[in-house]
């Protein structure tokens, strides 16, 4: 192989790296601008970050660096991985931010489990269990908010390819309460997220070092193999187009509407 | 070594085994008698088994073999091991018995976590967390019962050396409701329990094959080493005399009273 | 979002998929041609596949489908993961092929360990340990061969970007024995390999489902996080340009020569 | 329950504890005396400790406290648990003692694996594999010694109930070399061993905290459940009377002879 060829490959690589760096800086700048806009347009207490205990920790880190404080909540389904509970606690202490954990209604949960047991989602889909453990508590929470901020990204799933940076939340708005939904990471790729985490030394869920990419409830999440798509590890016994738990059911509505 | 010596050792071992077998049969017979007594004295619906997801599965198996059906409940703190949820489900299906899971009150839990995070027990003891996640839901449940059946054993802990087969529950009785508490395994040793499980091929929590003996919440239970006492794996950062979560606080009261 | 836009995205995706499929078929066809060429040019017994217990299992599968039998050897350093030993056995039985395991010389290994212990590589680099556990046994084996076949790919590492499909092995040829080295997967990407494994239901090392991509010795391999490069999990305490164990030291020589 | 009864129970417990402590001190004293005797009767270099990477670390600790240095060897079958290799290294550094690792002969091992694969013991018993991986290297080592020291205990197995403190090694002595075998822990129970380890803060193999009691090769060792006998985790698919790998085949000979 001629020396000139090697040289040119390396030069190209360096140029690509510089280009990527500029892209990344620009992406971070625009995301910070969006976050600033959201947090100034909506009063403290009327907007909150929904933190899943996974790589959407990037949102918390960015807001922290911007000097804002913001309400943060997580959906504690009672079935998260032990590692996720540890991670949520780590974020709580490291960023000195309270995290509100939303638990399912004890009565509704008891009824479901008495009738169908603890793994009904394996039989008749995850909708009912997600409904009790995630959607009901979330709906109640969102009814007291004007806006929420999520970590959704277009590259996560076929159901998310059209996620906008900002939208009216069609799933959780009510006649009395129009809810705005911000998806500041919509344009980020997984590579962007992980570059941010590593460069900024953001803590991350240790499951990410054991093959987990997308992280949800323990029984409904598995590690994925090399070159598998990240949502392949979620509700793996169901179809691609159903891999939403209802938090973002608007996405699914869109697919149905436009197909 | 003389032949005669070997022979005599073996003979002694055989005699010991036979003796143990008789003892075991007698123990099982008296336990079944107690269970029968309890389940005939108290109407269906007014008595229930408290199942911890561990080796107290013996109670469910014995009642099943006696031909009775009985209400079963478990305290789902939202922090059990994934293996324990799987095990509870296995018991539900294998014994074709509904299992009522008692969950903490969402509001009380949210308040605790927002203020102190998810691991407050490491700082100021397990009392507060057990209070919200176990005792409150249990108290509510027991207020609708006349009697309950637990898997407590004298050999489990220094706090349990005086557990009787039957007692008035001093911790959960109210002026309006005298509650009877049965501890049918009180006289059983750990060896008795495990012999029963193996001989009768009773399913058991797979954590028991990874060094776990006593099993509670995931963050508050650890595997123990060889020759460690079984409660050494529970709230290991606290003192021996505090290793009750409040389900059986009567035991602790006794210790204080008699010391 | 307009219907026409959605439609066009899907059409583009379908075209991309078809293109990828054609590419893949062409890659497989050319690789099979190379393997056929290698196995016909060199007599049975004078050529062998070096199997690492990882995704180079693709080579064994392709040769099997071509109807050839070929000698297979693996370097058993005595420090492989339990999962890797299980996987090697699985391949042995599934493809009904003996696999020769090359072990280190007991005396050389004993000397190293007595002097420096079992983890000297953490102190002074992996060269010495790889030398005893991999290179010496390999050198002895290769001295009896005319050609060997490896699973090296250009995309694995900065040290492998120039790996050719066929080369004279500069590291292991001797004055008396010119050794040919085939790298049939040189042009494959990781995505190609995993598509082949999944489409053809080739068994794979279960470590690949726990975050491991590249797999070597247990103490010198770790799982990697999302978006990390695959060789990041090998000898992670050393520099990128040193991540060769010596099997393919020719690659390193090339880098030094051309820089 | 009367106060007097409680008091008497506690008094009895205290007396039992004091008795146990005296017993333990006496056991340790006599064991140290035996070790001293062994290490003075046999010249340095002609006697060695066989260290299995498990709780026989007690021997190394006691000799260290006595102020002696002694040769230590371990049988590195190439199939030990990663945790065991880490533990052996820890002992090497903490006690500043070289540990000779005896590896199988590469040729003999290669022949076995090529013919029967890596798990032949599951098909036709562990004898052949232990023979190549343990007994041959041990025999070669012992041929250069006059005496060796092992961690065998009577309570470990039905095959070990007659293990003496000192014996002529009938299995490894040769016409030219009478070999003495010391079993200083013969009279120790598992409880004695673990009390010693905990009181003296001796490092131990972390597998002991995951349900492993007896520890051998990875594929031939499993964790045991509560109340299982410690050798139940070794070669569990074979009969109790065969649970010797050949290091101590003299024990098996004795059983056959005296039954």
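Going by the order they are written in, the chains are A, B, C and D; count residues from 1 in each one.
Keep in mind that, in the parts below, contacts are C-beta pairs under 8 Å (C-beta built on N, C-alpha and C of every residue); 3 or more make two chains touch, one makes a residue touch a chain.
From a predicted model like this one, the values you see are computed outputs, not experimental measurements.
S.K.: Need the most distant chain from chain B, centre defined as the mean of C-alpha atoms.
M.R.: C
S.K.: Please work out the Cα centroid separation of chain A and chain C, and write it as a whole number of Å.
M.R.: So the centre of chain A lies 36 Å away from the centre of chain C.
S.K.: How many Å are there between the centre of chain C and the centre of chain D, using C-alpha atoms for each centre?
M.R.: Comparing mean C-alpha positions, chain D is 39 Å from chain C.
S.K.: State, to the nearest whole Å, the distance from the C-alpha centre of chain B to the C-alpha centre of chain C.
M.R.: Chain centres of chain B and chain C, defined by C-alpha means, are spaced 52 Å apart.
S.K.: Could you say which residues in chain C touch two or more other chains, in rising order?
M.R.: In chain C, nothing touches at least two other chains.
S.K.: So what shape is it, when you link every pair of chains that touch: line, ring, star, complete or other?
M.R.: ring
S.K.: Hey, which chains are touching each other here?
M.R.: Every pair of chains in contact is listed here: A-B, A-C, B-D, C-D.
S.K.: Enumerate the contact residues on chain A facing chain C in the complex.
M.R.: On the chain A side, the touching residues are 1, 3, 6, 9, 55, 161-162, 190-191, 193-195, 204, 208-213, 222-228, 230, 254, 258-259.
S.K.: Quick check on the complex: what are the chain A residues that touch chain B?
M.R.: 76, 78-79, 81-82, 85-86, 88-89, 92-93, 98-106, 109-110, 113-115, 117-119, 137, 218-219
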